[in-house]
Amino acid sequence: MLECRNVDAGYGKVQILHGLDFVVPTGGLSAILGSNGSGKSTAMKTVAGLVKPTSGEILLDGHRIDELGAHSMAAEGLSLVPQGKEVLAGLSVEENILVGAYHRRKDRHGVAEDLEMVYQEFPRLRTRRKAAAGLLSGGERQMLSLGRALMARPRMLLLDEPSAALAPKVVGEISDIIRKLRGRGLTMLLVEQNVSMALELADEIHILREGRFAYSRKNGPDVDIEELREFYLGKGRS
Amino acid sequence: MRTNLSLLLLLAILMALVPSVLQGGYFVNVAIVVCIYVVLAASLDLVMGWTGMYSFAHAAFLGVGAYTAAILGRDLGTSFWINLPAGTLVAGLFGLLLGLPSLRAQGHFLAIMTIAFQTVVYLILAQWTDFTGGQYGISIDPIEGFGSLSAYFYLVLGVTVVALIVIRLLTGSRFGDALRAVRDDETLARTIGMNTNAIKLIAFAISSSLAGAAGVLSAYHIRGVTPDDYTVMTSASIVTMVVLGGRGRFWGPILGAALLVLLPELLSGLADYKHIFFGALLIAVIIVAPQGLAGTLAQRRAK
Amino acid sequence: MALLPQFLANGVVIGSSYVLVALGLTLIFGILKIVNFAHGEFYVLGGYLAVLGSQLLGFPPLPALVLVIVCMAAFGWGVERFIFLPIGKHDPTNVIIASFGLSILLQNVFLKVAGPEPMIAKSGLPAGAIRLGSVFLTSERIAIVAAAAVTVTVLLVVLRFTWVGLSLRALSENATVARISGINVRRVAVVTFMIGSSLAGLSGALMSSVFMVQPGGGVLVVMKAFIVVVMAGMGSIEGAIVAGLGLGVVEALVTGYLGSEMRDIIGFLIVIAVLAVRPQGLFGLKTERS
Amino acid sequence: MATLFETAKAVALGLSLTALSAPAVHAEQLKLGVLLPLSGSASLAGTSIREGIEFAIKTANEKGGAFGEPVKVFIEDDEGNPTKGVTAVRKLVEQDGVVAISGTYVSAVAAAETKVAREYKVPMVSAGSTSSAVTDANTAGDPWFFRAFPGSVAQGRQTAEDTLNRLKAKKTVVLFENSIYGKSLADQFKKDYEAAGGKILSMESYNPGEKDFYSTLTNVRAQAPDAVYIAGLMDSGAQIIKQSGELGIKIQIVGSGSMMSDKLIELAGPASEGFAVSSMFEPSTPNKHGAEFAKAFRAAYGKDADVYSALGYDSMSTLIEAARRAGKPDGAAIRQQLMKLGDFPLVQGPDGTTAKFDEKGGVAFTIGLAIVRNGKRVWMPFD
């Protein structure tokens, strides 16, 4: 479904990503692991259209999306779920959810239906729908971001460190939700620092180091966790 | 750093030749105004460029310095040599006063507070007639021994060079590092144990005291003070000089001040259209050289 | 105390004019983070367009206002496209300096084209004093209060209950979230600027029949509008209403009871005091910054 | 935008001036400087004064200029700012080689400029600055700054007497612009009005550019004076008159010298009825020389001359006349002749007014009273 072909990207003159190359098949869940500064959040921004690749191509279902710009991605069926702190703090919870449906605002009926669906999925958001999003807890904000992304009726979700700065119990809840959404056929790309979460959810695991994939392998019982940790920490061979 | 200072001295020597090479008071007069604005812009840059705080109140300190000199001269009959340090000191104290809100407000909010401060100072100068002379202002006698324009120019040039050396030494020292630390990440600066409040206050105090010195110089230049020289428009022009020249760089504000004083003189041939042209030029330079002229030049050289 | 009702009425009228002028400024300020120093000249341009429409072309009041709004929207588009877009996000002070340049440019273009003498627009409203008890007003002054109320209501409804409003507010909160939600930030910026300059022009047009239009008339206006916007909290419409009316009433009372010398001093001292206590403004949300 | 046309005309006039003075660079050519605020808030006055000055040059050059050459003029915009003004004086004298200056309008700026001009031995003739403080700073018998019309002392005194005696107002409220111009007139008015037995109920200042006077006027109404005296510029004056009408204040309003114009009547509307100004010039002046000027000005510019154009005209013509009499382009010589110009007629003042400068550089003549009647300016003759 999503294909990155030899993508370079960076900010200004600083190149961060070097020849990123991977595929996420329809219905699949790929994880990109990496420590701070490895370039994983740049990778996510590049796929989401927030950063323009300097070379290479990004394709969704076979056609190029790397020149569209971030605001067109929702209409393409690609929704980014940013880290929990990225909410519209001064707007109400409901407005935060609704804004996700911006590109299909003419479909009044469908939007109302989806809003109800999100509230059923996340009952806690319903109870706080009038509150300013800035007042929510970290877990609630993460759910809010997920809810907003779902309002776009995406075919694919880009999850940017959903476990960041959350308590272990909340991380478990988020994992459950991700699993459930996957069950409905959503394709996903997950960027994480949390290795065990990635191992638990992903079909395929990539480890990013200094802007290059140092490790790419199918996830399964035969993955050597020790080896993986070594790559993650930068000791392994590439 | 050494090249900067030797370049400065070279420039000062070149400037010192102005009266003898370019015969006539007009050029000397323009050179004096350039010097005064160089001190103003360079001192504002301590706060704006180095510490990252907006201030639209620099002309208020210019005024405080000028009025201190004028009032002391009128009431106590003190000479320039007492009035210059006094004006510097009093302006510095006012700077501490304005520094206080900067401990809380930031960005646009600080900018508005400084505009408010500037306006209050202006209104006091204009309306406290018994003390400031109100709209009539106060007249000032020439300095003994510096009655001629070129003699006064050498005095102004001397003060300017001293002020610039002070600024250069400060920004090149550990204090300069502290200013930059506050600008780049105040929270971080605080976590590593810097007293950011004290740093900001000192920056404001030094910056405004230098503006006060410039005020004394300008008062003796015009031979008097009237409130309309110290409005928010003057402040905005000084900010423009700093931004146009390039913030946080030694040569930036100097370049900006020289350019903005000289430009209207060069443009006077355009007569009625000079302000329209000036406004358009300002916009164009900001678009073409967003980091200021000095910043853009440095970048070109780095390429 | 017998004069109090008149002072209050004066304060409400002037305060409403502050609110009107501040609306456009606070939108552009709050959503695009652009400090438009030339807002006062936009206001003056609106006044001149009203004179053009009502005097020279002989339009009735409403078509003249439509002319002002259309022209100002187009003007705002041009300014955004050719000045603020090229400057981009480099630095807020650059934006201030550029708009300062624009302000000088416009003032002197006005001086050149329209001349230094003041002009006055025809409102088409009945002239002469209206007496309400001990309070004297004119229909034009009452129209300012009404226009401010209508404009504020329309603006609040648009912002709260429409998709355009949601997109504007989303952008003012977080550009990244707005973009990934499918909002075209470029288009919103243009729309915001067009609305903001129309509002400036509209207030200038309305005020041009009560006060006069002069090339330098925008300087004091923009100062007052900035005070209102900052006291209110960036982008807060509700705050602008409170701060604008509050400033107008305080000024009227100070002028009435202490004399007009004290008015501006006290106005600015209040600004300093408010910001010293609440640096984010009266209605500004103190949100965390990452 | 009628002014577009006027601007075009002024430009055309300016061009013809330049064309006339094309055969430039001659040692004996008379070069004069003009300093005026042509941008900024004082440009309203500056632009009008410039028209009078340019008309004086045109008239002089049509009559052969000076020393057999057309008079050449250099105009600098001092923006109403002392720092700019001081630089501009040096530029005029050194770069352009002017030997005398007509300027400037803002009194504080004129004071700063004349200090410098004097060092160059360049005399200045006020182009509208009213404050007597500037001429008072002259050494008696040795003036370098001249004013071809009565300063704030005489203007304030005349207005005080007229308000009390001719307009029969015993109690007056004073509103003045917070500038040297407004304050010097207001202070003088108070002094003479009280000395003559009138009562000042209150003095209140306003900032230049102020637009809303409702609260101030509400207080004025409560004090129930016989008259309000406004010392300020035309734009604020028009606002005050208009708003007084809206507040139902029906009392005599008296303005300062520069306020009377058709524009004011247009801006203030019906409320301007009865508005009075102690004026030094009106197009309907009984001064024969002045009436000729008014007629010629109207023919050239297509509009009536006002106080500003009249004083600009007088300022420049006295300078040119003094230079002609001096016989050479020399500042000190021109100044000597200025001091002996007692027979040279002025367009301002009553018939027979001449440029008889006193030892402080001022001129004294009786100031008349102009009143708005039926929407027209009516001239109450000098008495």
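The letters A, B, C and D name the chains in turn, as written, and every chain counts its residues from 1.
Everything below uses one rule, namely that contacts are C-beta pairs under 8 Å (C-beta built on N, C-alpha and C of every residue); 3 or more make two chains touch, one makes a residue touch a chain.
Only a predicted model underlies this, so the values are computations on that prediction, with no experimental measurement involved.
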By mean C-alpha coordinates, which chain is most distant from chain D?
-> A
Per-chain C-alpha mean nearest global C-alpha mean belongs to chain C
Expressed in whole Å, how far the mean CA point of chain A lies from that of chain D is 74
Chain B-chain D separation of Cα centroids, rounded to whole Å | 36
Taking each chain's centre as the mean of its CA atoms, how far is chain A from chain B in angstrom?
-> 51
Between chain A and chain C, tell me the centre distance in angstrom, where each centre is the average of that chain's C-alpha atoms.
-> 42
Shared-contact residues (touching 2 or more other chains) in chain A | none
Residues of chain C engaged with two or more neighbouring chains = 108, 112, 261, 264
Residues within chain D bordering two or more other chains | 39, 178, 205
Which pairs of chains touch, using the document's own definition | A-C, B-C, B-D, C-D
So in the complex, which bits of chain C are touching chain A?
-> 163, 166-167, 169-170, 172-174, 176-185, 285, 287-288, 290
In the complex formed with chain D, which residues of chain C make contact?
-> 2-3, 6-7, 10-11, 13-14, 52, 56, 108, 111-118, 120, 127-129, 131, 136-138, 141, 211-212, 214-217, 219-220, 251-253, 255-256, 259-261, 264
Taking the complex as given, what residues does chain D use to touch chain B?
-> 38-39, 75-77, 80-83, 86-87, 90-91, 93-95, 108, 111-112, 115, 120, 131, 133, 137, 178-180, 182-184, 205
Taking the complex as given, what residues does chain C use to touch chain B?
-> 29, 35, 37, 83, 86-88, 90-94, 96-98, 100-109, 112, 223, 226-227, 230, 234, 261, 264-265, 268-269, 271-272, 275-276, 279-281
Please name which positions on chain A make contact with chain C in the complex.
-> 48-50, 69-75, 79-80, 82, 85-91, 95, 98-100, 102-103, 105, 132, 134, 148, 152
